[in-house]
Structures are given as structure tokens and as C-alpha cells.
Amino acid sequence: MTSALLDTKALESVLDEFAQARNWRQFHSPKNLAMALTGEVGELVEIFQWRTEEESWQVAHAPETAEHVRQELADVALYLVRLASVLGVDLDAAIRDKLVLNAQKYPPL
Amino acid sequence: MTSALLDTKALESVLDEFAQARNWRQFHSPKNLAMALTGEVGELVEIFQWRTEEESWQVAHAPETAEHVRQELADVALYLVRLASVLGVDLDAAIRDKLVLNAQKYPPL
Amino acid sequence: MTSALLDTKALESVLDEFAQARNWRQFHSPKNLAMALTGEVGELVEIFQWRTEEESWQVAHAPETAEHVRQELADVALYLVRLASVLGVDLDAAIRDKLVLNAQKYPPL
Amino acid sequence: MTSALLDTKALESVLDEFAQARNWRQFHSPKNLAMALTGEVGELVEIFQWRTEEESWQVAHAPETAEHVRQELADVALYLVRLASVLGVDLDAAIRDKLVLNAQKYPPL
């Protein structure tokens, strides 16, 4: 028995209940969720666009950006897990398979 | 004791070892990882752009797209978890806090 | 003599003066401008994410979104032209070449 | 009489004929074109993600990336102009208005 690398089941349930309680399931087509994911990634990227790479290390600690970056990372995670969920994709299994492919494509030094 | 909604610890370790074994840590600044996340989301979105909402429900089951969509979802997850990891953000805690905010902003019907 | 398909010269000059007058050139590396372009596209996409394809035809006419969509389209255009400009890419020539490639790849019916 | 900052009319005509000749108008809803724009921006960003800001200045001149970056910039321009076109938005007027707003928001030094 292997444990998950990224267990999304609890969060998937919470998100489905959240959507159901607001009558949002009608909006949560995969196409729409992929767009929403894009929008949230755009908001995350905006935090970094005028910062240098060196400055980018501080955004989660600097008081003026810390909470913002946490919220945007969370938003991306929420839409990603919701999208995988409505598509019926086991994200943990997909990640495991992709890591195998990546390790073949990019062997360790 | 509460269990995690999204436990990323195992995957964070795997990704850090993966980067270290390839001397990739030098490239994995938060700024760069945010860009890489964007690129992967772009590849995911391309699967959906010419499909209708109705057709979008089938992409994870249709043989010509199923594997592709699994891989792109995995890539987005990998960069998201890696980005949170290098920033030192506890993604599970960030998600819990954001869900509270979302529930306040959008009360159930 | 052929006239341009997309003449960006006047706008390039305006944008360079705008950046210079605000001491922004230091921030306008191609990498940063590519991120800013992403962020603006994210804001544009957010207008469409919960709308159906049919509804999406109305966003430039509906009073609650018309001005917003104009502004986001403009922002994307501004960063695209600025990015091409700092890279020294002749966007009109690039477009002409790409249209030739596209016509070869996708012959008319 | 003022001349355009960004005259898109010639390109709009070419793109509409291109779409009509391939029976693509059915796919070119604003929602879909916004997604396609996202996908192309994602491909553009991928060129920059592992490069430093300093290295990013070279991508349009370095032989291994010059043609790629030209093509991706062109793709973004094509979808942006097509999106504005199907929405009936005068991109030149939108840009002029946005520049006025930007100048008010960010006065010169």
C-alpha cells in the first residue's frame, strides 16, 4: 500500500459541497474552470512581475505581500483541484505518472 | 487534531530532491516558478479553447485527449506545489483560510 | 511599397516616452513585460470565465462590462507592443511571416 | 485629423477572411478567443521562464530563440486583434483612453 503524494479527496468533497450550497455547479464546466484557473494564475503572477528574482524570495515574508501571495496560491490550488475533480482525474495518480516521465526525460546528473 | 485538506509534504520532498539531483534549484526562484506555472496553465487551456462547455466534460475520457489532460493537470500541480514550497507557504493552511474568506464573501443560499 | 498590417511605431514611441518619464525603463525587461502581459490577459479572461460562449458576444456592449473589457484589451495591447518594442521585434513583419506559415499549415477549404 | 496609434483595420480584414475561408467563424466566440490568447501568451512566457532578466534581452537576437519569439509575439497579436474585432471594440480608441487613465494614475516624475 502506497500513501498519496498529493491527497486531494478531502478538499474535493469540501469544494463540491461549497459549489452545491451556492448552486454553482452549473458554472463549473471544465472549460470555465480552466479559465478561472488562468485568471487566478494571472493574479499570482502580478505579484512577481516587477520584482527581481532575488526580491521574489521575500514575497511570502514581507508584510505587504505575505497575505496576498497566500491567498493567490490558495485560489490556484482550489481551482486546480476543482477542475481535476469535475474531470474525474485522479490528480495523485497523474502526478506519479508525470514524475516518472519527467525522470526519464531529464535523468539526474 | 485536524487532518489536512491538501497535504503537500510528501510531494514537496520529492520535488526538492528532483530539483537537487538535476542542479535545478538555481532556476527555481519564485519568480521563475510563477512563470513556469503560467506556461503550464497555458498548455492546459489550449485543450479547452475550441471545445464547447459541453464537449469540455469529455476531455479526460476521450482517448485523444485523456492522457494529455492528465499530464497538463499534473504539470500545473507540480509547479504550484513547488512554488508554495520554495516560498515557505503552507498551502493547506492557506487553503483553509481562503475557504473561510470565500464562505464569508459568498454565503450559501 | 506595402503598407503595414499592424503599424505599431507611433504607439511604441508613446510607450517609450511614457516609461522614460516615470523612470520605468529599469523595470521593463522582456522577462518582466512577458509576466505583465500574462497578468493582463488573466484579467481579461476573468471577464469571460463564468459566461457562456453566447453571453460572451455581449460583453463589449453590456453596460456593466463594456468599459472593463475595453480597458483590459487595451492593457494587453500596450504590454504586447511594449514587449515587442524592447525586444526589437518588428511586430508587423512577424505577423506577416506567421500568416504565411498559418496559411500553409491550414490551407483554405 | 489624428492618425491612429495602433491601426488594426487591415489586419482585422485579413483575419476575418482567413477565418471565413476555413469555416472557423463558428469557433471564434469571444470566450474561445480569450482562451486562445491565453494559450499563446503561455507559449511566449515559456521562452522567458528559466532565463534571467538580463538573458531575456537576448531572446530576439539569439539564433536558437529569435524565430520562436517572433512567432509567439505574432500569435498573441493575431488573437488579440481578432478578439477585439469580433467584440466590435476599436482597439485604437481603447488604447488612447487607457493611456489617458494611466497618465492620471501614474503622473510623470
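As written, the chains take the letters A, B, C and D, and residue 1 is the first residue of each chain.
As a convention for this text, a contact is a pair of C-beta atoms (placed from the backbone, for glycine too) under 8 Å apart; a residue touches a chain by one contact, two chains touch by 3 or more.
Bear in mind that the values here come from a model prediction, so they are computed numbers and not experimental data.
Interface comparison, C-D against B-C: more C-beta pairs in contact at C-D.
In summary, the interface at A-C recurs among the listed pairs A-D, B-D or A-B; the equivalent pair, sharing over half of its contacts by residue number, is B-D.
Separating the centre of chain B from that of chain C, both taken as means of CA atoms, is a distance of 27 Å. Each chain gets one centre point, the mean of its Cα atoms, and the points for chain C and chain D are 3 Å apart. Contact with two or more other chains is made by residues 31-32, 34-35, 38, 41-42, 45, 48, 52-53 of chain A. Against chain D, in their complex, chain C makes its touches with residues 3-8, 10-11, 14, 18, 21-23, 29-32, 34-35, 37-38, 41-42, 44-45, 47-48, 51-54, 56-57, 59-61, 69-71, 73-78, 80-81, 83-84, 86-89, 91, 94-95, 97-99, 101-103, 106, 108-109. Of all residues in chain B, those touching chain D in their complex are 27, 32, 35-36, 38-43, 45-46, 48-50. Contact residues of chain A toward chain D in the complex are 31, 34-35, 38, 52-53.
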